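Got some structures for you, see below.
Look at the two complexes coming up: chain A is in both, with chain B in one and chain C in the other.
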Partner chain A sequence: MSELIQIGGMNERPKPPRPEDLSLRFSDRAIRELEALETHYPERKACILPALWIAQREYGGYLSGEALAEVAFRLDRSYAEIEGVATFYSMYNTAHPVGRHMIEVCTCLTCQICGAYPIAEYLKEKLGVGFGETTSDGVFTLHEVECLDACDRAPLIQVGDEYYGPVDKAYLDNLLDRLRSEAASSVVKLADEIVQVHLRETERDR
Partner chain B sequence: MAAAPTTDTVTISINDVEIEVPKGELIVDAVKRLGLEIPIFCYHSRMKPVGMCRMCLVEVGFKQPDGSVRKMPKPQAGCTLPASEGMAVYTDTELVHKDRRGVLEFLLINHPLDCPICDRGGECPLQNNTLFYGPSTSRFIELKRHLPKAFPLSRYVTLDLERCIQCGRCVRFTEEISGDAQLAFRFRGANMQPTSFQLTEFESKFSGNVIEICPVGALTSTKYRFRARPWDLETKPAICTVCSNGCSVWFDYRVGKFVRLNGRVNEAVNEEWTCDRGKFGHDFYNSPKRLLAPALRKEDALRTANWAEAYAAILEAFEPGGNAVAALTGPMVSNESYYLLQKLFRGVFRSNNLDHRWTRHLSAASDRLESKMGMPTVATSIEAFEHKSAVLAIGTSLADEEPILFLRLRKAWFKNGTKVVVACDRDTDADSFAHLVLRYRPGTEMALAGGLLAAAVESGRATVPDPVREDLKRYSPSAAASATGVPEDRIREAADILGPNAAIVTTHRLLDVADAQGTLEYLAGLAMCLRAEFNLYALGANDQGALELGIHPELLPSGVALADAEAAAEVGRTMGIEIPREPGLGTHELLRACADGRIKALWLVGCDPFALHADRDLVQRALEGVEFLVVQDIVETEATSYASVILPMLGPAEQDGTYTNMERRVQRLRQVIPDAGDAKPAWRIFAEAMLRAQPQTPFFSAEEIMEEIARVAPAFEVARYDRLGHEGTRL
Partner chain C sequence: MAETKLLLEHAHDPSYRTLDGYLAKGGYAGLKRALGMDRQAVIDQVKASGLRGRGGAGFPTWIKWNGIEKDKHAPHHFMLCNADEGEPGTFKDKQLMEETPFLVIEGMTIGGYATQADTGYVYIRGEFVDAARAMRKAIDEAYAAGYLGKNILGSGYDFDLHIHMGAGSYECGEESALMSSLMGERGMPRLKFPHAPLPTVAGLWDLPTVINNVETYAVAPFILERGGEWYSTLGASTKNSRGTKVFSVSGHVNKPGNYEIDFGTTLLDLFALAGGVKGTLKACVPGGSSVPMIDADACSKAVIGYEEMAEVGSMVGSGGCIVLNDQVCIVKFIWRTALFYANESCGKCTPCREGTRWLLQILERIVKGNGQPGDKELLLEICSQIDGRSFCGLGDAAAWPVVGAIKAFPQEFDYYIANGRSMVESDLVLVG
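Showing the complex of A and B:
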């Protein structure tokens, strides 16, 4: 909502995309998964959450407007409803494109006591970004999160589907180097893991 | 108020007063039976309760065997709580008052309190609840949140996000009522925003309703924004005259000028909704192009004249009468005016050259069906759709053509599971809830209608006379399938769904297609065989009235055919005139006759042929060809520049009159705003012309005309002003 018109001005908004103009990007595998999911529930509406995970994987970790529209189209729901659901949950990346790896620093009580803030500051300085930002090379996105439910390992960070902790600066240097050399996106991997959890053993296909 | 004896009731106590209420009735509604009120924001009686705002908290307990009441530890939301036996509700305890103050204080923290410049100030549920139930002071000294103040959601709706209290009414309206689900809450918590997908245009055809149901000033009308303070507005009940549904509305005006339109409750028609076309379609009252004084063409220019000069010129030009004169009408004219127009033409000008129809096929119009098949063309009331088991809507996009019927049909599906079959050559909004969609190729309506009838015959559910059976051979379901492109099994399934409790719906739009007459006969036949109801609904505000009251070259008021000499003479006697025997010309013929000079004088009543007729060229030749053209209208149109005489006419809300909607409901619209300039009601213009032509006692009011209509067309007996019900009455 940046380009806000205050008073006066015509109420002209861009039109929502028409279904025939959507460029659908779900792979065959994604379509198979979605079809399998639809058999799990009495209504397609119930598939919205797993379908969004599929989309987050298929669209490289970021649920763009097109990704949301594709989910809506495939589930025959309204665009707005899908966007409403996606923006409600913080693990769907709807705000902006994310890097290959998303570093989520827990700053909740235990981690804080155990030094989460110096860790966070170190990461910010080292990556040159603040919370919610992505490095210019598109490798890392830094986020602050609430308790990750692993306080025994404080200070803790999460990258993709892995928890790392307790961490210190040396550990982080190492980890960042390793992650930087990994070509596969851990954000996408996390999405895929979650999709697989939704599927039955027989429906998984890898 | 005792509950209806047929429903299960339970006994509950409200503030220790025992009362019997229907089982499961929500507590917010139940307390009204005792004249009490529970404050609400998110609850709306036409939508499912969601319990989002917590304004309606009450204390609830249950009667124990020893007679004491055991209260639940926490207050409950009255809008989600169904009444059950032995429930004890308290709406007036210290705890409840404290809760209400708390909820309001919480809501007001984030509310900008810009009431002085808010459209809603003075009619705002948030203000009202705060006044009666809220804290008198604020403890909030922190910074208020700031959000977009004028976000353009759609052409008509501007969102002030700071004011939103996140009740979800608007979101639920688009999901449950209009069905387009174009709004949703994005984000959560304090950041939750009711917006459209990716901030694209909120494209609903019913978007205006959210302005009214928003309990604060968050959703505002783009047209009305900052135009008035609600307490400056006067309001009167009116009906909308933009389409044939005839919604009940409140007509708000300020110093005699129309300002805005709000929905008015009429359970039989629009419940409380309006469509955008109607809600925002009344600008013509304030149009700078309003016609305010008669004008007369002298030499090459139109000059302001007085009424006497105008009448004199008109009577002279129409003097030849008979085939040399004609009149065409538009849809926004009252029953009384239509009646008087045809009386003027038949009685004074001795001419049947009258028409109100602008569709491609005229002969196919309802009259033929009535006389040929004995099938009424309007059978189902809007309200009755709720209880139909199946409905076939064919050849029409209901949301565009009959918007309020669309909402009712959607409700029927949503609430009662009515199976809706939508047959149209393009996508329609009704597809979203259709049980079956039959997408036929444009121009193949007749094949589809024939195919449906043939399928019903084949399945043994319908029997038709042998000649029809022979005729239907060409439309066996498989033949129909290949002609229309609709799969054969769908045709069969659609025919199977229809039965005695079904209705077939189409509109005058179908009269624009190639084989309109055949299509209509098959559809009417299908309805007849299955004992379903058939409806061919009108599109213009009072098209149905024009038809019933003889704005037709071959039909007299009450639908009496001119060809039936005896009946026609009888109608003439009641009207006190002699009916000319020679039938008139239909719109197209009539325009052609104007073009080649056979018709010398043409009177256009509230219609712009350029806008209504498909053949622009013909219209132009007609208006140029006719010697004398009277254009009687509310605003200047393209036709006015061809006029010999311009007669300014008052709009529907500026005069008294009745209108017949598509379900044949006659509704009265009393004068709301004062006369504009020198303009007159259409009926008065005709009455004065009649008086000048033939000395007689003129009609002094619309009511007197209705008295005469009721004598001439007995169906209108129920429409006499002293009988007409509050919600109008169906003929």
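Showing the complex of A and C:
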């Protein structure tokens, strides 16, 4: 019936790369963003969360061992510390690679009483996957999430940086069709939007 | 009693989200007055207003502001805005940031001036991208026009304001966990007063820090503009709750949304504002998932106020009012509440980490029809062991709704345990 939302299987964590294998993939833009962020805080350690958002964008939506190692390297922290922080938060994709779009279904209280579970069942059936799984074509990952705090729009789902609600089956059919035709990853877009809101107008370059 | 619109008066006007539109509606009058006043006089206005924290705990705002050292010795003083709105049923901070971002920014600047803060952070939950974009745009405009940054409005006061995004954690709405998270750590709570100094003494990076909720800051401009005395006349019929409060009404009502009311309004009037109850009212969780639910009878007696809600056995909380009609099985609803807390417990302390899972296991077996005699008492026993013994409020908040539901609807638990099925016959599917 219920499974606690698993943020990362403890036995199947990605392995950190060996130091000699560390390849750095942050773009020049990412490095400039990180430099700007460092001016916001008296301590560089506070950049860990925003740097993880940068990494989630730069690494295509998934914080692999290599991605975490690069954040550790860029901020001069240990891999263990970065992994510890990243796995605490549900929006960092540390457990497994995700599809191009993540469908996050809220089943929390208001959504529960406004029909979220039948919506979730419909999505599972239509996509042929369970919670935490990705469709075989790599387009969709289905997730169950806790309250998104837009309960006036229950039942509600989030995809990338957008909330959709109230949703019903017909609405979802249209939405999934539209998302399927979108080549750009909404997972990456979400991470990028979150990075951008940290930065002042004068610090952004896009 | 009708709706009183103060914070939400211009919420639906898109121009209010721009600096020009905000100024045209009288925006920044509060800050201008504050900058002409002595710092202590600003705090005194907030004291006179009777403003209490709108995040859930209802702590008097002025005490926090007044607790910052008056002669600045520390390298930094911080103004921190808790915009990690995560309480199920609450969506007021989201609307305030999306539609009235300048109220929040002006409020933080006023507070910053009063407490000699040089830097502010708005910690916004990661999912709230729309709210963050609106805040970002407003902060950029405020900087460009001299309402933030160096020498604000020629006063000699400097204040920088940054946005910091969360990444998915309910626990980070707890103020010490929020500070841990902002400093780049797992969002776990820290030791609190009286075992450790208050945030006003040692908060972010062990420096003086004021932390308030979004709505609390949004009120400050009105208090400074019109005076604390004036603000305290709103809600004067209540014992000790002043001003207006934004309630997020959701669930089985015809027009779910945010409604701003004076303290002293009845709960039924709030339901009426939200278009009335869909179906027959059964129960209500008046202040977010953490507060005990009350039945229809208690709803009809409830007056909205911090002390008044306690009289009917619940709390104002964060103002997340979830309305349930008679199609809802309370046992299943509480099972989902327990699942939420088990998911969101940070794992730091044993009573909460283990207790929330035990509550879930027991409720789950009841919902599956395998409840055992004595399960109700066992739930209460576990709750009594969590409440007051967890490291932060999350454990208490996990226990209260279970106790509240058993108190309000004992027969539903008894029936479910004895018969292996819900007392409520309905087509509403509440489990997955």
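One rule holds for everything that comes next: the second predicted complex is superposed on the first by the 186 of 206 C-alpha atoms of A that agree within 3 Å, B and C clash if a C-alpha of one lies under 4 Å from a C-alpha of the other, contacts with A are read in each partner's own complex, and residues count from 1 in each chain.
In this text, contacts are C-beta pairs under 8 Å (C-beta built on N, C-alpha and C of every residue); 3 or more make two chains touch, one makes a residue touch a chain.
In this text, all values refer to a predicted model and were calculated from it rather than measured experimentally.
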Touched partner set for A:Leu109, first chain B, second chain C, both or neither: second
Partner chain(s) touched by A:Gly84 [first = chain B, second = chain C, both, neither]: both
If touched residues of chain A are counted for chain B and for chain C, the larger one: C
Which superposed partner A:Lys15 touches (first chain B, second chain C, both, neither): first
A:Ala150 touches, of chain B and chain C: first, second, both or neither? second
Touching partner for A:Leu179 - first (chain B), second (chain C), both, neither: neither
Which superposed partner A:Gly65 touches (first chain B, second chain C, both, neither): first
Contacts of A:Trp53 with chain B and chain C, given as first, second, both or neither: second
Set intersection of chain A contacts, chain C complex versus chain B complex: 1, 4-5, 84, 88
Touching residues (chain side chain A, partner chain C) in the complex: 1-2, 4-5, 40-43, 45-50, 52-53, 84-85, 88-92, 107-110, 112-115, 117-118, 120-121, 144, 146-154, 158, 161, 163, 190, 193-194, 196-198, 200-201
Touching residues (chain side chain B, partner chain A) in the complex: 148-158, 171, 174-175, 180-188, 195-203, 222
Complex interface listing, chain C residues touching chain A: 75-76, 85-91, 93-94, 124-130, 132-133, 135-136, 139-140, 143-144, 162-170, 181-188, 205, 248-252, 256-258, 285, 289, 320, 322, 324, 328, 333, 335-337, 339-340, 342-344, 346, 357, 360, 364, 367-368, 428-432
In the complex with chain B, residue positions of chain A that touch it: 1, 4-7, 9-17, 65, 68-69, 72, 77-84, 87-88
